[in-house]
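You will see two complexes here that share subunit A, one where it goes with subunit B and one where it goes with subunit C.
Our next item is the complex of A and B:
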């Protein structure tokens, strides 16, 4: 080998910002925060999730789609029309950017599920996979199945996000460039998360950029999920199919399965994913020991192994958590009603120079931040 | 003294500028508006350099540093003093994970709490003895694989219920000493270490460093010393010495 190689001091970057009073603010802040950690990513992926960005369509499922060709768009729209009323459909606004190239076609759809569809779907499918006593939940199960079907069966079409009043803007590039490309600063949301990618095990492609989503769950992740194979097989039994070639995908589906479908609290969901070591569980007082033992036993295949720090977004809140021996960084900050999570303190200080409080979370112990009591997203 | 406005400067530019000025003979620096720039002071080898940092410096501050004194008037991030050889870093706030990784000389003073894997694989050789003192608490793996040096954790202004140090304390440690101002839960101890009381030799080693630490941050030395200290040292020097020959 000839010459020298510049060191790339990478390791992924993540950021999350939540206004607990649900005051909406421009995506410009989150771009500035993630831009500061430019050197943590290598230009092979960046993305943003914004919550509260579509107030005029807040009851619609906002589908963000990536298409590699016109046929995939045609097939997807034909597929969507069968079961959804498409109240609005448009290209996602972008601006030409010198460093964002080879862009797929980017479209978004504001959808309502047709009235009879969910009932028909629930009765004709395996009860365990899709059925729910709760009507709204049954509809969500149906929407999940549609996302899976597009990702699995329509060549060249991938769903970037499918939640209500939220959307994901992601692609191949440095995150700040992706933000400019998607004109993220023109949106206002009460919560933003972001990711700068340094792919290690999987290809840097548009669908493989973070955040990973299902419904209104979004996940940005620094690390590697070495339990991906086990998690993926476990999820398949519940109708989730991994198609995006990146380990982080399983985390979004696990939150949907454990919390929304199986009713575990967010705390217990985190406990299942970042389970404590047995030697620690054995020291817990009863009945905590018994409860945590049960969670570890039942959800052994949902446990995430390997290094991670995560910011998980959902309607009305976000979660920050690291693996149980803290192999990746995560810092929290707070100023008045705004809470920040980030890989580096400097990325918080970039947009909040004088926080009331800055602290690092302990390994495996989640910080769960929600909108203040009574505040509607 | 050279004042540098670091606002918006990439770490490459900032560190190149510092290096060039140091070669031209500048010995006192004040870096303003620092935020997130990595590798500040890395490889600097002039023992008479003094640098004040205003803002939060990025990771790997003072790595491979050999002589200068750096004062941070704010919090700092991860991996300060990586393989540092001589000099001193003083942080007037908290700091992150993996501080003093493979540190082989010099001193690292952190006023507040520190993160995980602090003092990992510190080492010493004859008079080259690194010293790392943190005023607050620490996360798991404190002093992991430590092969030498002095690691001190004071637990000052500790909130009730917050442990002094985390789990896996001194795991794999085979040299050096850890001084703790507070109790140790035996459950958290690595298999390679045991807890002892301090003797006179300990105080003559620890005392002067602690005095300097208290002077740097305005702590009362006598009050700090009035706390109950214990020390951790490895119970075997060469735990794997017979691994391949027995």
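Our next item is the complex of A and C:
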């Protein structure tokens, strides 16, 4: 079933909440926030990413899997056992919900990579690894390859998330219903992002809902990446296979490639993905002009073009960013140590009636919020 | 003696009641097809349908018509085949021609359509929003490295809300030439075309932020003011190549082959080697300028690599050095070799590419369409992870901005136009450039003919063409919902095939329409 769906354009609502002191809070807030924007989605997809939700397994790769049949589960588990130590494996807890039907089998696994496999992998895949100086990175490259392989090769299996101490809960339905179905309010995290989807046509596939992830990157996205075709071809050269046929997927991979693997700072990664116009760049003082010019020259194929607003989550922070001419909305709010990002101000005020500050994000200029100095996620 | 069996291709009809006997047409014809003996007398056998007389007759007294079928109809033995045989039977030589392959092979450009946005992703209005066409010619690394600036926080450090660019660029990019539009002029030599035409190309390139290409004929002093907009070519004849020539170029191009005549050399007849041409090419006046088929110092990819680096050394690594090849069957592997040999750009010339003179059989029967070549090369370079290493310039039969957009969507960075540029200057595609008699003052060195090409006017027409196509490119981008050319480049998802079979679709890497 993979790769057979046509790409689906969609409009959407997005929300992100981060506590900069890493205080954990229930997923109930993010459900309320996204519920308010009910009308921005049409019941064909919703989802949540929670960070800090698995403190007891914080050093494990938490794999959330969707299976359409038992064979796919069997094949996936067989595949995982080869290279991972599975320290825990269980169905993801859900509750029956009147509006959530046709649910796939939902499982999660807490995994450690077996010691020797990374070395083997690194030596056989050298060419694709642009930069994998340290071991942790090499291990992550390996995990990426495993996710790609499951998504690409095991029919009926789909990895919803694969990061450490984070997890994605998504499916077909209105986001608030999906939240209730997954009992999201029972988890506590220091950061939550959420998405309500309005696809113009859908195969009703759970894997097609947001957030999209790779490792601990998660992306919720309102809009359409008109440059998807070249972004996808660019990523393929680096071993990322876009099997989900949805434009959002490329965003998560681009962050992984540019920031984690190639070592660009988050700021520079954002400059590559939502590059300033040449007219502006030409006016920058040196050496900034030279640097940003180089970013556009080198990463032109990574630039995201078309309407979008995004909330990108990663361990310890989140990024809010829009396309360079801001064809989709994004509002930022702040109250004490909590930062909010949302498609609508109302969705912030719904859970934080008196924010210290609320402002709209400027076109193409990223908001990068991280945990306060010294705070451990 | 038997009269020539070769019947005229065209008939010149003079309406003698309209004609006021001004003789303008007689002077205008570069091919000597008209003479005056108390009235205008055409010699049909010489007419090439360049339309100069028609365009300049003040009385609209001339029409040129195709000679109505002189042979019995035959779908296999065309009139062209029969006449060619007569010609060769009479003269015993090779057939020669000018301009590009005109055979009915069809066009893949005409079998591809572009996408547009509707509702879900809005189209962008190019009249209101910026649309960026800027493109850089030159090799780019796969990734950039930054070093942290003292006092700036590193990426990923917890709580580091650092200002953008809290780091300094550590990677040094190779030389880059900025183009304000991804359309440049193809290589055409002074000698093949007139100095007037050459100057017009250089000036237009300079005004439009584009590039012209000297071809293999050296660089005339009058083009020096525009040298930051000129690619200087080093071909197998090495005409006009010295240190100053290399220093004058914005980029250097090694010419291995040309779409119109892959695998064979060039020949500029001595008659065309005027004093000026001889000085520019650095060869004796009136001598034939022969470019050998291969470079006599390049018999392998290692040899090519040596020349690339010799030229880089000679120019102190200050400008991109590229290689031009004809699109042939194995073009992808060759291009990959060229990239690995150290070239900063690869220029691929498809089988529709024009020429000042080529053996007709070579032109019409060798090479592959540029569309397929772009797709194959772009795929191969990506597969090998070296796509960023070279700028891919595509040429050979680009007729309009639609072709440009499609070539870029297939994977070209830059598109070069030759024939289209000549047309802009007034060429009527009579395909007789090889005779040196161009009535339009373009493909000739005869002073009485070159004089009539006004450099000023030709420049303006070229600039207009680039401007028109660039505006149309921006319109394409807007319709596609993107506002920078790099978002179209290689984005084959935005192309669909019409009436192509599965193998062709696979090679082009596109889906059929409806999918």
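In the analysis below, the second predicted complex is superposed on the first by the 356 of 377 C-alpha atoms of A that agree within 3 Å, B and C clash if a C-alpha of one lies under 4 Å from a C-alpha of the other, contacts with A are read in each partner's own complex, and residues count from 1 in each chain.
As a convention for this text, a contact is a pair of C-beta atoms (placed from the backbone, for glycine too) under 8 Å apart; a residue touches a chain by one contact, two chains touch by 3 or more.
Note that the structure is a prediction, hence the values are computed from the model and not measured.
Asker: For A:325, using the defined touch cut-off, is the partner it touches subunit B, subunit C, both, or neither? Pick first, second, both or neither.
Answerer: In the superposed model, A:325 contacts both subunit B and subunit C.
Asker: May I ask you to decide whether A:102 touches subunit B, subunit C, both, or neither, giving the answer as first, second, both or neither?
Answerer: neither
Asker: For A:237 in the superposed arrangement: first (subunit B), second (subunit C), both or neither?
Answerer: A:237: touches subunit C, not subunit B.
Asker: Considering only touches as defined above, state whether A:36 meets subunit B (first), subunit C (second), both or neither.
Answerer: first
Asker: Applying the touch criterion given at the start, work out whether A:186 contacts subunit B, subunit C, both or neither, answering first, second, both or neither.
Answerer: Neither: A:186 stays clear of subunit B and subunit C.
Asker: In the overlay, answer first, second, both or neither for which of subunit B and subunit C A:298 touches.
Answerer: Only subunit C; A:298 stays clear of subunit B.
Asker: Residues of subunit A touched by subunit B versus by subunit C: which partner has the larger set?
Answerer: C
Asker: If we overlay the two complexes on their shared chain A, which of subunit B and subunit C does A:119 touch? Say first, second, both or neither.
Answerer: neither
Asker: Residue by residue on subunit A, keep only those touching subunit B in one complex and subunit C in the other, then list them.
Answerer: In subunit A, residues 9, 325 are touched by subunit B and also by subunit C.
Asker: Of all residues in subunit A, which touch subunit C in the complex?
Answerer: Going through subunit A, the ones touching subunit C are 6, 9-11, 127-128, 130-131, 200, 223-224, 226-230, 232-234, 236-238, 259, 262-268, 271, 275, 277-279, 287-288, 290-292, 294-301, 303, 305-307, 316, 324-325, 327, 368-376.
Asker: Taking the complex as given, what residues does subunit B use to touch subunit A?
Answerer: 11, 35-36, 38, 55-60, 75, 77-78, 94, 96-97, 115-116, 139-141, 166-167, 187
Asker: Taking the complex as given, what residues does subunit C use to touch subunit A?
Answerer: 117, 119-122, 124, 129-130, 132, 134, 136, 140-146, 154-156, 158-169, 171, 173, 176, 382-383, 385, 387-388, 480-484, 486-494, 515
Asker: Where on subunit A is subunit B touching in the complex?
Answerer: Residue positions touching the partner: 9, 36-37, 39, 280, 283, 325-326, 329, 331, 344-347, 349-350, 358, 360, 362-363.
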